[in-house]
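In what follows, a structure is listed as structure tokens, so that the remarks can point back to it.
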Amino acid sequence: MGTQVLSVSDITMQFGGVVAVNNLSLHVDEGEIVALIGPNGAGKTTAFNVITGVYAPTNGQVLFQEHLISANYPRGKMKKKYLGEADTADKYHVAKSITPDKITKLGVARTFQNIRLFKNLTVFDNVLIAKHMRSRANFLSATFRLNHKEEKQNREETMKLLEILDLADVKDEIASSLPYGKQRHLEIARALATQPELLLLDEPAAGMNPQETDELTAFIRKIKDDFRLTVFMIEHHMDLVMEISDRIYVLDFGKLIAEGTPGEIQNDQRVIDAYLGVQKDA
Amino acid sequence: MSMDIFLQHLLNGISVGSLYALIAIGYTMVYGILLLINFAHGDIFMMASYFMIFAVVDFGLPVWISLPMIIVLTVILGMLLERSAYKPLRNAPRMSIMISAIGASYLLENLAVYLFSGVPKGYPDIPWLTKVINVGTISFQTVTVIAPVLVIVILGALMALVNHTRTGMAMRAVSKDFETARLMGVRIDRVIAVTFAIGSGLAAVGSVLWGAKYSSVYPLMGVMPGLKCFVAAVFGGIGNIPGAVLGGIVLGLGETLLVAFFPGLTGYRDAFAFVVLIVMLLVRPNGLLGEKEADKV
Amino acid sequence: MKRNVLAVLLTAVMTAAMLAGCGSGSGAASGGSGDGGEVIKIGVFEPLTGENGGGGSQEADGIKYANQVYPEVLGKKVELVIVDNKSDKGEATTAATRLVEQEGVVAVIGSYGSGVSIAAGDIFKNAKVPAMGASCTNPMVTEGNDYYFRTCFLDPFQGTVMANYCTQQGFTKAAIVYQNGDDYSTGLANFFKASFEGAGGSVVSEGVIQTNDSDYNSILTNIKASDAEVIFAPSSITVAGAFIKQARALGIDALICAGDTWENEAIIDVAGEAAEGVVLSTFYDENDASASEEAKKFVPGFKEYLGGDAIIPAVSALGYDAYCVVLDAIERAGSTDGEAVRQALADTSEFVGVTGAITFDENGDAQKNVAIVKTVEGGKFKYLDTVVVGE
Amino acid sequence: MSKKTKNICTGIAILLAIVLITLFDRDVIGNAYVKRVLNLAAIYAIISVSMNLVNGFTGLFSLGQAGFMAIGAFSVAIFTVPAEYINSIFYLEPMAPWLAAIRLPFVAALLVGGLIAAGLSLLIGYPVLRLKSDYLAIATLGFSEIIRIVFTQMQTITNGALGINRIPGITTMWVPFGAAAICIGIMVLLIHSSYGRAFQAIREDDIAAEAMGINLSAHKNLAFAVSSFFTAIGGGLYAALLTSVDPKQFYFTMTYNFLLIIVLGGMGSVTGTVIASFIITGGLEWLRFFDEPLTVMGVTIPLFRSGLRMVVFSILLMLLVLFYSKGLMGQKEFSWDGMYAWCKKIKGRLSGLSKKKGGA
């Protein structure tokens, strides 16, 4: 196995009294496709949101490659409740969390469970916007078109990306007018335009029929190879998950209950119970 | 500063704060449910004052009939406003609703200028509110004492309503999650109408106390109290009824004591509320009693 | 569909508005420049809405009545063109340009509120249209503007009048309250302070009232603590009534006094009994025994015009005088040429008006050194004193 | 329509505009009143477009225009008022000597005002832009009031409530129209640059925009600061047009004018905003007849008296938001293709109408 691209340790995320994610630790290695599954409300999307910096965790830390994305280790009275130790012991309270845009800049891109496109913009602009982050022009030079070379290059790259992803023919359409499946594609295209190394997909197959799901499977494989990506995804379609994943994590009520290859997970009693809703040691 | 003067200031502050609180409740309830700054709330308060003048001065009705009547009229006005200016925009972008609110506020103001002219009118005298009481060198009107007491009573009643009735439960549900509440069969439109009714009713009550205390009624009288009370609502934690009361009283006291202790700064009094707002947003954006909420992603 | 229709309708109305605005604009320019027309147009430049809407309307009433009494000059009918400057400088300059360019007025009367008059001053000057202020008391209105005149006295004079009156009454400790952002109020307060202190008195408390605020208790409590004997609180009528009432409710029994804006029934309406004993300076008293024939004719006539027995506001009388002076000047000039009328106005000497004899000094200000001091008694404004200030 | 035809159309339109402005400017057509209204409309166009940059393009609800205008207006007033008048204007308290010593040319004063406004907008933007957009609305409104109140108090700098008059005026229409062309041109360039696309991404979905690597706070602040800069420039021109300013003018209701303009023109459309600026400014003047007594066939209609105009104005605003919330242009821009299609549609409708009439 390659080096760890993503490493999550002891993440707890609390909203008031609700513990959405409870002491979650996991890792994703370079070149892998890893799936995070679990029943509805298990805390999967919350985990994604912590990884991409939308939420600062109540406890724990997230590392992307060697970059610290977020870390929070409450001390004092609160300490007992949570696991893990901060690296820097000299501080009373370590809390660090960088904003989602910086995380994206480091090379983590994501899609959303309920598609979040720039609805009233064209397909082309949706993708082109993702290039803005890597632009070196400041607003003055951009306004007065001193960056036209870079702009031209961005436009060409965007076009190329749209062609690869089979979106070139709809490039001038308004994003919200696309059919659902295409919107999913577009969201992935937009994520790819940020030139990520790690791609987080939040239920990419949601609302797709079996045939579309098959196409998606091939599509994810293809982009993984073409763009040399590591993929971490949340998914409900078991066909897709079992076929595509190298490893699977299973989350239930915020807790990690199983981890392993598709074969292992399929036969894990705890996972079956969780999905069937059996109450153990209640 | 001598003790009696300080007490006088304190009394002024609490009474003006209580009036702020009454208006702020209307803001906070509407915001809690619709996530809308009802810019026209201050103008509803203004209209309530004019209703009173018409009832008592022009129609010669006794105060005890006029009082419930203007409250009913104001409630109708508030619900009418909601029907015509906000309900059609239920699914429109937030900015449209806010612009509609501004438009409604501007319309009421301009309408008042057109109908009643810009010349201030005197509020009808209500003796049991305006009677001056002297305690030592401290003088105050009965309304100064009645206002805070009334606010506490109303707060208690509202809390009971919100926490222990079906309507209150529906209100809480709508404010937590609009869509889910709708799916669960809560009659959203009814809840919103009730909210506007309560808010407008309290604005009417506030206008009576205000009129008794300050006696001058003019078309733009609702603008500043309106803005300040919104600030008070944010200060206390928007959507939170005790927060609005607390915010109103703190703001009223703050303004008064600013003038009391720093007479040189009286010119900045109106700026005080907004400075408080900005500092509050910087330090504790959810207000004194507000809960932190996470955005859904 | 319904929306589409509305959309088209709205667009059509708006476009029509635009076209009409421009179209009539170019039309009037060619025919409007006053001379040779069937009528002589005089502009009335007053705030009918906005902060000073109340006072502006009263002043306009005086002018309208004057027009009714003297409807003709040089054998032609005089037509008033009334524009609302909304007490706002932006509106005012546009309205003033409209009067001068679009309507082609011969002269302009107004405005209540000095700020808008100052803003419009240059427009009148550049167009060589003489303007006659009725009650705009700020020195800057006429200063450096040959075309602006006025029939009233000035802020410094008014501040001095009240300061003199207070000193004469033996008061030595005064509190000053003025309105934030109001040039009239700030100006008067400053001049009062200067003269009052000059006469040996001391200002023990200063307060600033916020426009559109109704709570003055904290300022008043400060005043109460300062033991002031007199409170000078020049302010707009919106503030005045509530201010007086709150002061009395706080148990302050110091004399409350102010300038001409307070001579308005609305104050008594709002303050009720609390208004009793309030003192103010003004330009004019309808019961003045020494008044001219003109004034004696004016009082009943105007009351009938208004339909009621309300007291005649000073600004109405000033508006009346302003109209008469302008008409007199046009008569003497024998033409409606701006320069000629301006010269005639500047030459005006001892014109007998309702508010006294009017002669303009080199700035174009009426040389008035007499002010009337009034008080409120029994719910009415009563003549109290006449104060003469030596220049 | 071919590209060539479009270019020719654009060329003709620009030429026509230049000829028209020259004719107005030389008083060949119209008069000073029309000229003033047009100048005002051009200045309003600058301010409205800059308001649209924040509200329409970046999706932030800001209501601080009046305050930023005040900054620009007072910068021009303070720095360009001729030295010989200073003493007579500041007759209550003299102007601060250090300030009286600085006299700037008009353009420099405009820029100073713009930069101060931009700087202050960053100061206010930092705490507030992180929050939900409603807070921004009320905080910017509050900020504009704070500016007004502070200006009222700074007697030795702004002359307080008395304000400053005798500001050297605008002598030619080329000043406001030239400034409008430059300012709006720059804003259009910005909107079509990659920063402008980022603004629109934030408007469409801020969470997605952030996930695409757009630094929300930096971009929101940028949009806000640029908008404030140009608003202040507009304010400066406004001061020069009026030749007289005081803080009271910049009461927050002034912002509502611009709000109406951008709602009518279309949130997110520059051309719509410019068109709406002229329609509203012209229309408000035209609506003046509402304020005057109307006599139809010897009967005076009692409805028409002062104040009605503003009632009509606010009803229009309400109607627009309620039934026509996209405004004239929605988020679209003017294009010759669109114009062509529109003309065709109108023609079709008209012929349809006439057919109907013919049939009946």
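Note that the chains are named A, B, C and D in the order they appear, and that numbering of residues resets to 1 at the start of each chain.
By definition in this document, a contact is a pair of C-beta atoms (placed from the backbone, for glycine too) under 8 Å apart; a residue touches a chain by one contact, two chains touch by 3 or more.
Only a predicted model underlies this, so the values are computations on that prediction, with no experimental measurement involved.
A.B. asks: Count how many hops through touching chains it takes, at the least, to reach chain D starting from chain A.
C.D. replies: The fewest steps needed to get from chain A to chain D is 1.
A.B. asks: Can you identify the chain nearest the overall CA centroid, using each chain's own CA centroid?
C.D. replies: D
A.B. asks: Give me the two chains with the most inter-chain contact pairs.
C.D. replies: The chain pair sharing the largest number of C-beta contacts is C-D.
A.B. asks: Between chain B and chain C, what distance separates the C-alpha centroids? Give it in angstrom.
C.D. replies: For chain B versus chain C, the centre distance works out to 36 Å.
A.B. asks: Using Cα averages as centroids, what's the distance between chain B and chain D in whole Å?
C.D. replies: 32
A.B. asks: When the centre of a chain is set as the mean of its C-alpha atoms, what distance in Å lies between chain A and chain B?
C.D. replies: Spacing between the chain centres: roughly 45 Å.
A.B. asks: Which integer distance in Å separates the CA centroid of chain A from that of chain C?
C.D. replies: 70
A.B. asks: Hey, what residues on chain A touch two or more of the other chains?
C.D. replies: In chain A, 54, 112 touch at least two other chains.
A.B. asks: Which chain D residues sit where two or more other chains touch them?
C.D. replies: Counting only residues that touch two or more other chains, chain D contributes 149, 152-153, 207, 307, 310.
A.B. asks: Counting only residues that touch at least 2 other chains, which ones in chain C make the list?
C.D. replies: 49, 51, 53, 57, 180 - these are the residues of chain C that touch more than one other chain.
A.B. asks: Under the definition above, what is the set of chain B residues touching chain C in their complex?
C.D. replies: Against chain C, the touching part of chain B is residues 1-2, 5, 8-9, 12-13, 16, 113, 117-123, 125, 130, 132, 134, 137, 139-141, 210, 213-218, 220-221, 223-225, 255-257, 259-260, 263, 266-267, 269-270.
A.B. asks: Any idea which chain C residues touch chain B in the complex?
C.D. replies: 49-54, 57, 180, 205-208, 210, 212-215, 217-219, 221-222, 224-225, 237-239, 241-242, 245-246, 248-251, 264, 266, 269-272
A.B. asks: Quick check on the complex: what are the chain A residues that touch chain D?
C.D. replies: Those in contact with chain D are residues 52, 54, 99-102, 104-105, 109-110, 112, 116-121, 125, 128-135, 137, 139, 142-145, 147, 151, 154, 190-191, 194.
A.B. asks: Under the touch definition given earlier, write down the residues of chain B that touch chain D in their complex.
C.D. replies: The contact residues of chain B facing chain D are 31, 35-37, 85, 88-89, 92, 94-96, 98-100, 102-104, 106-107, 109-111, 113-114, 117, 227, 230-231, 234, 267-268, 270-271, 273-275, 277-278, 281-282, 285, 295, 297.
A.B. asks: Which chain D residues qualify as touching chain A in the complex?
C.D. replies: 186, 189-190, 193-195, 197-198, 200-201, 204-205, 207-216, 222, 226, 331
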